[in-house]
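Paired with chain B in one complex and with chain C in the other, chain A is shared by the two complexes that follow.
Here is the complex of A and B:
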């Protein structure tokens, strides 16, 4: 499903990823740990097609062009990256409206009880209220967005790091419930978030160990 | 108001001297204008210009220069004394302050108010008092000279003032809308840059471009509306501001031709009309500035209680 072959990536003349090779099969759950600044997020962005490797190949679901890779994956970042639009627009990102699917992901992301209290429910504009949302609510919208895209590959970049323990557990449970048959790569610096994962790597000096 | 009363009470002699000199300066200016009118009347009626009249004119001109200098000097002195009293009173009350030991927090509470009040007292308070005093004196002086011509200036100026207030309220509404639209547009562009990875991964380019274009168009429309209204209101108020002078020339000229008044009287009005107009036009901003000043003083006062 995901193949990284002899991948290197540097930024500002600093080697971040060095000759990294990794193979992830369909449905596998992979955890990548490492200290802050070790290149975990960069590695994830290479897998998401957001960066182009300096050398080596990154292949996701048969695609090696970053533009095409982006279309094949769902990503949940540390920051929810919400847009000044309605909750609905933030979930669908302007794609075809499928009411049943929206309803389903809202429920799966554990947003229903909160959304039901809002004046315009799913159509509530969060542009002016993004700061009023709790970290948990904002991150759940980002998760619902990933669920709505329903890619085979789910890439997680510390999605719960900014949340308190209760919200963190709830968010991660929601993700794992959804991603039971998905290929998941989860980068984090907290090993407790990787319980039940198939493989856990540590990224150090640009190399996976 | 109690702080202002205390400030005035503590500096009553300085203020009394400053106000007296301001009145004297205005009276000197008015009497000078009366003699200028007299000079014009004599020229118009081809009467002889006496040495006595010339000496009086020169004396009042000199006294005018001196009193204006003294007015500024004593005005600034009185204002500075009041500001000094305010600062000393504030420091004194801080030293007596026992309820809250966190002096830094107490000071920061009214820091802005104190600096605004201090600035107002030092630079604005006496100038406004002087202009207000001048406006009132000029109004009664002109009424004494000729009631009809005074009303010819006064009534249109009041109507212009109402129009300016109305148009500025409408303009401030549209300015707020334009600012709001600009802020929204900036927020959208910032969000798009910030959320770029999400936009790319979730193929939201089209929606984002649409959202940005919508916010940009909305800002553009508000800006166009604002500029259009600005042009309309400002050009109209520019024209209207000349109406009192035009009416004065028309009515005054007619009265001179009909020999109801002398040309000298019209000259006095032409010279003084601007002072009266300026006083009336600036009155609302002075009142709002004074209200802010009083509110700031009240906040400082409430701190010491």
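Here is the complex of A and C:
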């Protein structure tokens, strides 16, 4: 499903990823740990097609062009990137409206109880300022968006790091419940978030160990 | 001048400089009118008296005055106004910036980033345009001075002609400035608000580009930005239509007044109340009044166009 073959990537003349090779099968759950600044997020962005490798190949679901890879994956970032639109638009991102699917992902992302209290429910405008929402609410919207895209590959970049322990557990449980048959790559610096994962790597000096 | 703009001038400490600049510029148009009308009267009289030999010395005298007048405008006023204008923009931008920096997070969150950015950039430019831009406040003062002085001279020359001129001018001026131009600021304010929303869309494009790419949100962003862009255009067009209508009314007023004056002038010359030279002089001052009213109308229209920007800057101060 995901193949990284002899991939290197540098930024500002500093080597971040060095000759990395990794193979992830369909449905596998992979955890990648490492200290802050070790290149975990960069590795994830290479897998998401957001960065182009200096050398080597990155292949996701049969695609090797970064632009095409981006279309094949869903990503949940550390800080949710929400747009100054309604909750509905932030989930669907303007794509074809499928009411049943929206309802399903809202429930799966554990947003329903909060959304039901809002004046315009799913159509409520959430503004462009993140602090109008709690970190948990914003992250759940980002997760619902990833679920709505329903890609085979789900990439997680510390989705629970900014949340308290209660919210963190709830958000991660929601993701794992949804991603039971998906290929998941989860980068984090907290090993407790990777319970039940098939493989866990540590990224150090640009190399996976 | 609008109270909010006066406050901006006080806040930037530029009130005295601005008044000084206005005093330097205000009499120019009227002095130019005096020069032109006297030159015309004098030339016609010389031709009537068959004193063609005097035409050339007269020409040099008027040329000298004209050169002095335009030289003053180009080398004295233009330099002073440019310096004051640059200082004003610099001070205002820094003052707005300082005000933004001194705000609490809570206050900053009341408006979107795009709104703050447009207040700091384009709204400051609009304030400058309101005060010194072409056909704005500065020219309004010039046109009022020219209108008043020309009306006094016309009253002295022939008060019937002044009454006829006013009878044509005033209704049209009222129709144009009160009925047509009045709505322009409403459209312009809406346009500024949509401009701020449009600017807001730059933020997710810059900060959330990853999410936009992964979730293929490009079309949605373009659609939303286009919606705002269309609303900016729609409101600007409405304001523009009003300005064009006001210009049309002014032109119609000018032509009607001129025709009326020709009939009246012809009968006055026929009954030897006025001679040709004086009629030309009268026509010149009547023309100055017309020109001033048209200029005044344009100034009011453009000032109303730029005022919402100045008001948004004043809110920040």
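Assorted remarks:
What we mean here is this: the second predicted complex is superposed on the first by the 206 of 209 C-alpha atoms of A that agree within 3 Å, B and C clash if a C-alpha of one lies under 4 Å from a C-alpha of the other, contacts with A are read in each partner's own complex, and residues count from 1 in each chain.
In this section, contacts are C-beta pairs under 8 Å (C-beta built on N, C-alpha and C of every residue); 3 or more make two chains touch, one makes a residue touch a chain.
Keep in mind it's a predicted model, so treat the numbers as computed, not measured.
Once the two complexes are overlaid through chain A, chain B and chain C clash, as defined at the top of the document. Judged by the touch definition given at the top, the superposed model places A:104 against neither chain B nor chain C. With both structures placed on the common chain, the touch criterion links A:89 to chain B and to chain C.
Contacts of A:169 after superposition on the shared chain: neither chain B nor chain C is touched.
By the touch criterion stated above, A:189 is placed in contact with neither chain B nor chain C. Comparing the listed stretches 24-32, 114-122, 186-194 or 240-248 of chain B against chain C after superposition, the clashing one is 186-194. Once the two complexes are overlaid on chain A, the chain A residues touched by chain B in the first and by chain C in the second are 45, 48, 50, 70-71, 73-75, 77, 81-85, 89, 93-95, 127, 142, 145, 149. Those residues of chain B that touch chain A in the complex are listed here as 184, 187-188, 191-192, 194-195, 197-204, 206-208, 210-211. By the touch criterion stated above, chain A contacts chain C in their complex at residues 45, 48, 50, 70-71, 73-75, 77, 81-85, 89, 93-95, 127-129, 131, 142, 145, 149.
Against chain A, the residues of chain C that register as touching in their complex are 109, 112-113, 200-201, 203-204, 207-208, 210-217, 219-221, 223-224. Across the complex, chain B is touched by residues 45, 48-50, 70-71, 73-75, 77, 79, 81-85, 89, 93-95, 127, 142, 145, 149 of chain A.
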